[in-house]
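Shared between the two complexes below is chain A, which has chain B as its partner in the first and chain C in the second.
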Partner chain A sequence: MATFTGLLRLYAWHMKLNVSKSMIYRFDFISGIFISILISGIAPFMQYLYFTQTRGYPGWTLNQILLFQGLLLLWFGIRDVLFGDIRGLIMNLVWKGDFDRLLLKPYSPIGVLLCSGFQLNGIGSCLAGLLVTILAFLQLDGSIGLWTFPLLILMTVCGLMLYMAVTITFAAIVIMLIQMGRIGEMFEKIMEFGTYPMNIFPSGIRILMVTILPFAVWTYYPTQILLQRVDHQMWVACAFSLIMFWLSIKLWNRCLRKYTSAGG
Partner chain B sequence: MHIFIKAIQLNLKVFLTYRKGFLISIIIHPIVLVLNIYLFTSIFEYNGTSEIKDYSLEQMVWYFAVTIFVFIFTFNFADRRMSNYIISGDLGPLLLRPISLYRYELANAIALRTAGVLFEFIPDMIIYSIIYPPVFLTLLSFSKFLIVIIPAFLLNFLIRYLIGLSAIITMNNSSMNRVTAVIISLLGGAMIPLDFFPLWLQKVCDYLPFKYIFYEPVQFFLNRGHATSTEALLYVLMMQFLWIAGLYLLTRIVWSILMKKIVLVGG
Partner chain C sequence: MNEYIIDVRGLEKTFTKVTKQEGFLSSLRMLFSRQYDLVHSVAGIDLQVRKGEIRGLIGPNGAGKSTIIKIMSGILHPTGGTVDIMGYTPWLDRERFVRHLGVLFGQKSQLWWDLPPIDTFSLNKEMYKIPHDEYTKRVEYFKELLQIGDVVHQPVRTLSLGERMKCELVCALLHDPPLIFLDEPTIGLDIVSKETIRQFIKQMNRDKQTTFIITTHDLTDLENLCDQVTIINKGSVVFDESMSRLSTFFANRKIIDVKFKHAVNEEHLAPYTIISYTPLSVQIEINLAEKDIKQVVYDIFDRFPVLDINIENIPIEDVIKHIYQS
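Up next, the complex of A and B:
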């Protein structure tokens, strides 16, 4: 418990540092927030174009897919605010040989890394996501039940655990291979499967998306909760998110034992 | 010319030193292709049609594959590099070099893309063709694509360089870089084919340079619509060179204005 509290304090300290750093280039910071809000509007616009020019995706109406897009933006925003800069940070630390310093700190290196990712710029995507979600939900005349918010919170927690698992796996690979500039891109491309409704994929991919790669917890199931279309596979996806987190910690510990230092 | 060759050699050496990165990229790009195959097969089946906006399923899947090829041919970091020069104070020493900053950045961009074409485009083209054969592609359409992609590279470079010059005023231009990348991708047709845009927006895009970076080269590759004619090729080339001339002139003017005001520190 003391370790967890210490890591939270460390995270809060990193938050303050990031805000101070952002304020040095004030014009870039302020324009960055406005720009990220504007850019966030592009994905719903593209979906709007698809749906007005075609019949769209099977099982989804325009407002339902806008709700999905709103939640996707919100997820991207939360992810970027909490862990936005971690992958770049890990690669920089390992290339320059600075990673070794983390081994001497009083907390576990992966804990320190996960506490270093705060990025205020992601707030733009959060705001845009919230706006699109609320508007789409109102358009759908959706209703909120007793279990809606608890289930959404559960999905958010599982989503964060899964994203931490992805980040920890990334870090484990980087400390083993040192210079792999495109690993980040590979992770992004794989995670792109989570940016589309799961039911448009064939059954093989659908099974993957609730088990080994349970990306459905990020946006698909939160949307289904709001649309009151939840199925039992949601619980499987939640369980696998926690399993993936546990496995990533195991992988990290194993890679850390084999780590022989680099850069400098 | 000597400096161009040296810069290309340097980039190739860096590329070959980190071969694992190259191998990873061969794995990455087909993932996008597979994703698009599933996505568009589902959309086409649901729409119960063999064509959407005059794109066949193969052309639609390849549309997004070819946009990746266009990225490989045209991408450069001139905007980000300029900002880094300002922040680190390296701009001063660069201005004292016997080569202008513009030519130095151009040499770097060419070198970067040469390595990209050799080690990403060629393997990707082969792998994609095996996974999902481009039945529409002919030698002529592929040649047209290669002809228009070179001015597309120059256009993208000039836009990025111009944005890079903004760093002389703002120092850190990362948000400007982001918005430029998104505008080029969206209005250039890299995110969604321009045919999906409303007519008025398509007309606006006709008067902007971005569609000549992405949309038009992709059309020649896909061998569809107007892109099958020689007149279209000549028209696109003319528009590309007009934009290149205009943007080059603009960079000269902006550069001369900024050089009168610049104050350098650091280094």
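Up next, the complex of A and C:
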């Protein structure tokens, strides 16, 4: 518990320093937010075009899919703000031998690594996502029940745990292989399954998306919660997110022993 | 209680390294089958260091110094042997152990590039849970000792290498560790910055009995700082004694440095072992087991127009070179 609170405090410090850094390059920071809002807006627009020009997604109306897109943007925003480009960072650190520095800190190196991911630039996606979500939700005349927010918070926590699990697994593989450009790309492509409503996939992939790759916790189930269409598989996905996190830590500890550093 | 702050016995570290022949075909071949070599980077090292010592750890490039430092810091797991540092096994008790350890890698930075060093110091304050009063006191102490009062408030990217290195030192020492590893702390610095850093290390050692392990290729660091020196070559300890012992390593050999009033032909110096010669000066090596130095000096005075003469020990640099090569 002491380690966890220590890491949280460390995260808060990294956050402060990152904000200070962003403020030094004000123009880059402000233009970054505007560009990020602009780019974020393209995805819902593309979905709108896709939906109006084709038969759309079975079982989803236009406003429902916009709600999904809003939550997806919001998820991307939260993910980028909290963890930024940690996967790029770890590759760089291990390749140059700078990962040694993390091993000299009185915390778990993966904890320090995850704590150093804060990136204020992701705030653009958060704002755009929040706006699209609220507008779509209002269009849908949705209602908020007693369990809506607790469930959304639970999904966010599970989503973050799962994302950390993916990042930790990636970091563990980097420790072993040092250079893994295309494998990183593969991670990205696999995670893209989470950017579509789960029920459009064949049943095999649907099972995967609530078990060993429970990406449904990122956007699909939060959307279902707001649309009041939750099913019991959501709990399976939550449980698997935690299991994946635990497994990734085990893998990390195993791979860390194999770390060879770089020449002196 | 162990009398040593560092007690390393039979330390071994073996790496598997891929070897590649020259050329494109060899690169293609490597896709299907690879040739591995076992490299014994550290081959059974014993090392004992007492509290309050400043120990020089030197050796040629690739000798295994950095690997030893990394094992002793908990970064690498050894293949064999035992390491007991302040009661900890570094790689097993890493998180607790590094709270009592300061490390500076001269070629790597832990400062935030875009922010002033004082911001990195505050991050370290949080990381090592340093009480606020202690932190303020220590930062003031370091600022005065290293003359970095203004420097700590300027962005790191605008600082000179010397200023950055001083701030790196503060990062390594801020949590007041009793043991510090400095890996090439004066690399690339000018004479003044080197001297400030050396003075600082001496002062810390005097004031707080801090133990320092210094790896360096700069022999002035060794001569000015270290009480004891350990020379590593090919993963083994080849010399582990005091600095004074190192400087008198060739106690039975002396160098006579002679300057002449006017040019002397090299042929006339034939009976001596000449190390260097110009028509107006010569360096002669004397083996005391074979020759009486008094007699040699008289002989030189008799035979040559001597302007100045000095008798010296074999330079440390040559001693170290000899140890590396042997």
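Please note the rule applied: the second predicted complex is superposed on the first by the 262 of 264 C-alpha atoms of A that agree within 3 Å, B and C clash if a C-alpha of one lies under 4 Å from a C-alpha of the other, contacts with A are read in each partner's own complex, and residues count from 1 in each chain.
The rule we apply is simple: a contact is a pair of C-beta atoms (placed from the backbone, for glycine too) under 8 Å apart; a residue touches a chain by one contact, two chains touch by 3 or more.
Everything numeric in this text was worked out from a predicted model, so none of it was measured.
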item	value
Partner chain in contact with A:L138 - chain B first, chain C second, else both or neither	neither
First, second, both or neither for A:E192, with chain B first and chain C second	first
Chain B versus chain C as contact partner of A:K21, first or second or both or neither	second
Which of chain B and chain C A:S31 touches, first, second, both or neither	first
Touched partner set for A:R55, first chain B, second chain C, both or neither	first
Touching partner for A:S261 - first (chain B), second (chain C), both, neither	second
Of chain B and chain C, the chain that contacts the larger number of chain A residues	B
First (chain B), second (chain C), both or neither touched by A:L10	second
Chain B versus chain C as contact partner of A:I153, first or second or both or neither	neither
Shared contact residues on chain A - chain B and chain C	25
Residues of chain B touching chain A in the complex	18, 20-21, 24-25, 27-28, 31-32, 35, 38-39, 42-43, 45-47, 52-53, 170-176, 178-179, 182, 186, 191-192, 196-197
Interfacial residue positions of chain A with respect to chain C in the complex	6, 9-10, 13-14, 17, 20-21, 24-25, 97-98, 100-101, 103-108, 257, 259-261, 263-264
In the complex, chain C residues that touch chain A	15, 62, 65-67, 69-70, 73-77, 94-96, 98-99, 101, 103, 105, 108, 110, 112, 114-115, 119, 122-123, 126-129, 155, 183
Residues on chain A engaged by chain B in the complex (per definition of touch)	25, 27-29, 31-32, 35-36, 38-39, 42, 46, 49-50, 53-58, 177, 179-183, 185-186, 189-190, 192-193, 196, 200-202, 205
